[in-house]
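Presented sequentially are two complexes of subunit A, the first with subunit B as partner and the second with subunit C.
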Partner chain A sequence: MKKCRPILRNSFVSMLLLFLLSGCWSSKSIEDVNIAVGSAVDKSKDGKIRSTLQYVIPHAIGTSNSKSPQQKPYINVSATGISLEPIGWETTLRREGPISGAHQKAVIIGQDLAREEPIREITDLYFRDIEIRGSTSIFISKGEAARTLESKDADVIPAIRLVEIAEQELTTRALRHLSLMKTWGKSNSQTSFLIQLIDLKKGEIEFDGAAVIKGRTNKMIGILNKEEIEGINWITGEGKSGAVKAFQKESDKPIYYQIESMKSKIKPHVTGNRISFDVKIESEGRIAEYWDPHFKPAFKNKTIKQIEHAAEKEVMRLVVNTTKKMQKEFGVDVGGFGNQLRIQYPNVWKNVKGNWDEKFSEIPITYDVSITIKDYGMIGSKKN
Partner chain B sequence: MTSSPLDRITSYQAVMFITNFIFGAGILTLPRTTTEKIKTPDSWIAIIVSGLIITLLAVIILKLCQRYPNETFYQFNQKLLGKWVGSLLSLTVISYYIALSAYEVRTMAETTRLFLLQGTPTWAIMMPFLWIGLYLVQGGVNAIARLLEIIFPITVIFFLLVMFLGMKIFEVDNLRPVLGSGVKPVLKGLTTSSLSFAGFEILLFIFMFMKEKNKVTKVPLLGVAIPFIYYSFTVVIVIGSLSVDAVVSQTWPVLTFVRSFEITGLLFERFDSLILVIWIMQIFATYVIALFIATLGLKQIFSKSTHAFIYSLIPLIYLVSMIPKNINEVFKMADIIGNFSLCLFSIMPLILFIISKVKERKYEKM
Partner chain C sequence: MKWRRLNKNKMKIEESAKKAKQDKQPFQESINEVTGNLTADLNLIRKEIGHNSDVKFREFQMGTTGIRIAIIFIDGFADADVINNHILVDFMSASPKETGHPLKNSSLKDYIKNQALSVSGLNEVRTLKDITSGVMFGSIAILVDGLEDVFLVGGAKAKTRNIDEPATEGSVRGPRVGFIENLKDNTALLRRHGKDQNLSIISSQVGERSKKELVIIYMKDIVDPHLLEEVKQRINKIKIDDVHDSSYIEQLIEDNFLSPFPQVQSTERLDRVMSALMEGRIALLLDGSPFALIVPVTFHMLLQSPEDYYERWMAATLIRILRYFSAFIALFGPSLYIAFISFHPGLIPTKLIFSIAATREGVPFPPLIEALIMELSIEVLREAGLRLPKPIGQSIGIVGGLVIGEAAVQAGIVSPIMVIVVAVTAISSFTLPQYNVGIALRMLRFASMLFASVFGLYGVILFFLLLCSHLVRLKSFGIPYVSPAVSFRLNDWKDFMIRVPLFLMKRRPKLLHPKDSVRKR
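Take a look at the complex of A and B:
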């Protein structure tokens, strides 16, 4: 009898402990949570802010073709208010379940709003919120942002498609993928920067150009088109792949150079009060397409040199064009010139950083482009 | 005066004690606290310089301890300063450790409440933490040493892994220019970066337990060097990824950094929960060691049994940890504790060392 006691006592205590295993303190069943994957912020007609949240409907993913072909895997809920927090609560009046921002992938801001309110303030909630991550992508939409969260395809979640396009970074005609966290650093240091612009073409999204955000005001001031983005990517050397026209005369038939790698080095020079920049751009790649009927065989180095030269000229045109746009039209530095000056001449930078964007528009910049064609694919010459 | 069968720890375990005690809640805010003062990307230089200074201080402490191989600080300070002054000093040190463990527990609760268990009340997060610590401290120095040996590799490997995964968003340009504004800002940041090394003084209390007592200079050297490498690494990666301007605005820069990237293709996409869970172990280590030293002190000053002291310290720590009303006060508490420790343990060992030398000479003359 006496021997049994500790066993009895211990088993009793263990059984009591079982109650502690019943679950988490504040668990929420995943079916009840509205998982927001994207949100669009627009200016509403009455001058307030209209925010649209995209919730995923998990049971509609995968099974869509068999059971309910009509149901889309997402639902958009929107509400109006003067800032994002009250809007969030407002949406809970329309749809059951708490909102979870932990899987937020994309934030899209409408152009109208981005031109009026500083980006930093519109996105404040996204940074402050504990659930939303700094890796969330940010975009600006040409038209109404809420519409970019819609798609005709039955099994596509628009917010996730957006991020997937952005993350692939395939062509130099789109900007490098930009996360919320990176915009925070730039907004905080009052640097001008670019945000990918998206547009709707026939109801589907398309990456089209970039929104220019002025450092001082942190508001959108203009748009760069795809060609100017190419220029930016050549200046920063951040592109990964893409193509460049490699012929000069309009009458010529297309020849295209495919980029395999690009590099650029922005070198600031300071003599007395004068600041200038030298940009050295280098790229390697191959001939991707060559239509010319008066075919000069690529087996000959002379032809290669000619094509290289034509591509260099085109790149030069792109960067000079973009530079002109930055300096003359917008008066902002979005090519990372200021950053190089900060690194190499920190003392000079201290004096100019206050009005760098204005100063930048006066600074002479010279470019040096060198392109190397490594090969030309499977065809070296055509039979004539 | 000492408790009957003495636990012994190896030199490696002593290194673990120093390293784990230095690692604490501080690292989660380290990139911000140093950059706030320095305002240039040179925080890592400040960390390196202060690391070297702290190493020197740790070696002085070792030399002091080697003069009293079988006593802890609480015992030999009475020999050097007299019973009253010594006891007073010991009590100050004990209250410092109580405050420190309270702070660690509170920071743990704050970060957990923020990122992991959002609906759980603070007391419910703290209580298991406090109780498990109590249980461990009853086991004595050896039990703690073994726990440290287990958690150290886990925390370090996972932390480094997560840091390396973040290389994706790392930009060297954010760390340049090096010393762009000269050495001055770095000097300004030295005190804050030294704060992160608070805890190097642990040798004062555990030296008595060490098996090997001669030729152990490598213990403080290694014990400080590990956090030192680790800290500079963290600061470099976090500032390099977020840029100086972003780091100064973040409440928990290291956690922000971990949340700024996602790795696709691996088993897990996100590592913030992982790093927090791992880091809670490290905070636990600091808390347990502080609690252990505080109880050891009470025991040795009053020469009474340990258990009563441990039990009475737990509610006290809980109360102290609840003093800060909001997160700003928690950060302020960290500042006060860190400053106090730095003042106390950078000057005092040197003074004691000199006193002990002088006394020795006196005896020799006699």
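Take a look at the complex of A and C:
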């Protein structure tokens, strides 16, 4: 037989090499792995880090026949160490099976830790790991983070509930869903930003305010409450829905404006050395609740204008209040003003970005809010 | 390499054929001519074929002349109608009046040919071999005392069945005509449906011992002459004692016997053959087989049904895409499942992975073994259902399916999701209009499962690449198997994965190099 041509032989050999790239040894059967869906990082009493991993117990979920009613669908495993990697290995001493991070949904950092360590360093492992997705949500808990991974409800996996609440983005009283990947970018550019704060109320989680992370130090410096989050959402125009109080006097009966869309435009102005911002906020929506329509019929244009005006005033109050808090109390820009300046005046930005947060506290900001009511709902002027 | 081996095989066949010939030599040398003496001739023939119980000899006299006549035929095979109503009646009532005295040889022969015998097909033979073979093929031999010529009358009258819709290739719309076992009926059907003077039907014989008629059918003014030449050559090279079915022909003329894919299309449907002929392909029909062979074949033909052209183009296109999709599932369904759950849990949506993991809990086997158990039992069920009588076969299918599916899950041997995967895969493979493609994909499915269990998704992709590289190399009668996808011709894509409206299909497929490329003006 003729000798094989070298090109044939070589290509055959290199094709065989293809089969060495993977093999049974990389097999991880799903019934053996521990599917981690959430993790909480806390400061332990001895000053180290305590990490808690939440594993799902699949057969305790849903309609499976073998399900025992008392069993919770998750188990939390925690260990202590100086950083996350050794803690992860520590947990394998206590529970069989490798850890799969591909379905990690949430990372919760305790307030104590967030105030002391930079966010970037705490979450480094989550960025570096190939399996863990960049879309994993990040939260900061007011109290101990590990306790937010527990629930009294039998059928609930707390980490997944947490993410589902965050992803629905229903009200302007919560921040928009923040993924790990976004915090990565913000941490690296030393921008200040907000992370959703969660709290425990009667053993169940609640979204309550936001943690302010200072760009320079990358550590948590303070808390914005729900109302101030509303202001942030109006400034950035990122809210999707929610309600605004639309009456002025305390004696009036409640009128509420429901947001259907909101838009905001932050416009920087630079004259010489002076920087200022104009923020134009627009919103369309409907009257969601109007307790007293007999008095002033909703069909009348004048009434509509009054309600719109009241809502505008309320929004104005919210954004001004939040701005004050940003500029005066914390001295950080978490409303995205710096970003707009960077886009529209890149040369100016180059000069100020070094100490933008300090500079931001001095900058005058004017707001212009306009609200349009598109419909009154099902009830008009007629009696109920 | 491969073709060399092929040639070797062919040479072996030829050698054995030669040997067979040599064995037959003594028989062929004993060619005897008929002497004209009826008693002697009959004895001679009796010696040759008289031991067969179904060979009948009948002697009688011609009318009043007293000339002895003998007819030899095979009972039940030769046309009894011709014997009773023509031969016997004609001869027994014949009275060559004009002469009176015993007729001379030549005038007697003329008289019989011209006046007495009222049948259309009449052959004269002289040698013993011709007579015996004629009788064996169903003719009636007439021996007349004093004549050195023997008349062979008529052909076999085989019992044929009705022309039905083929059971293996049903369709909702379209002609309900399928081929039957009788070649003459089949060619007549083709003539009737393809009313074209260029429809050529050329006969040739295959089989060394049992000689069967094989016809090559093509459109004279469309087919590529080189292709025709190639087909003829391959058929001439067949040297085998007997072909029982056209599938013998298929296996003997195919390009690559190592490939799992069928390289010749076999069909019972007349319309499929006609449309193939109109595209410039060649069909082969073997006497005794209802399956016509179509060459050359491309892979996309095997996923098409004649119904694609009978339905309107939108429905046809969607159904065709669905068929490609189900072919994909039939090939990769279980292997993707294995790959995902044993290598890439991260690629499954979170909620789905919980339910899959929950059902896998307590299953003692790794996914590959689980899949093999289910797939093998499905194959066993399918085979059992085929071999059993129809009514039992169906109930076996149902009972077996229920028992295996339900009980295996109850017993915790397999997971319910595995049962779903296997069932969906099996049903997907049934949507393929050609049975032999289904078999090919079923075989490859097991290979793909092995790849998946060892290498994961990466292995499935490797397997797909291997398969692709094989398919790209494969040719059927010089036509690339996966054309028009490879050896790209945009024009032929009109009738590939999609089926454009008929008025846009103006040209015949270019890949077949038709002489007349215009289909529609």
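Going forward, the second predicted complex is superposed on the first by the 350 of 384 C-alpha atoms of A that agree within 3 Å, B and C clash if a C-alpha of one lies under 4 Å from a C-alpha of the other, contacts with A are read in each partner's own complex, and residues count from 1 in each chain.
Heads up, the rule we're going with is that contacts are C-beta pairs under 8 Å (C-beta built on N, C-alpha and C of every residue); 3 or more make two chains touch, one makes a residue touch a chain.
As the structure is a prediction and not an experimental result, all values here were calculated from the model.
In the superposed model, A:Met326 makes contact with neither subunit B nor subunit C. Of the two partner chains placed around the shared chain by superposition, subunit C is the only one that A:Ser100 touches, whereas subunit B remains out of contact.
Of the two partner chains placed by the overlay, only subunit B lies in contact with A:Pro346; subunit C stays clear of it. Once the two complexes are overlaid on the shared chain, A:Ser179 sits against subunit B while remaining clear of subunit C. Residue by residue along subunit A, subunit B and subunit C are tallied for touches, and C comes out ahead. Of the two partner chains placed around the shared chain by superposition, subunit C is the only one that A:Val56 touches, whereas subunit B remains out of contact. Shared-chain residue A:Gly134: touches subunit B; no touch with subunit C.
In the three-chain superposition model, subunit A touches both subunit B and subunit C at residues 24, 26. Listing the residues of subunit C that touch subunit A in their complex gives 341-343, 345-348, 350, 353-363, 366-367, 453-456, 458-459, 462.
The touching residues of subunit A, counted against subunit C in their complex, run 18-19, 21-24, 26-31, 33, 35, 37, 56, 58-59, 61-62, 64, 66, 100, 102-103, 105, 131, 160. Across the complex, subunit A meets subunit B through its residues 24-26, 130, 133-135, 179, 181-182, 184-186, 188-189, 339, 342-344, 346-347, 350. For subunit B in complex with subunit A, the touching residues are 114-115, 117-120, 124, 169, 173-174, 176-177, 180-181, 242-246, 248-249, 256, 259-262, 270, 272.
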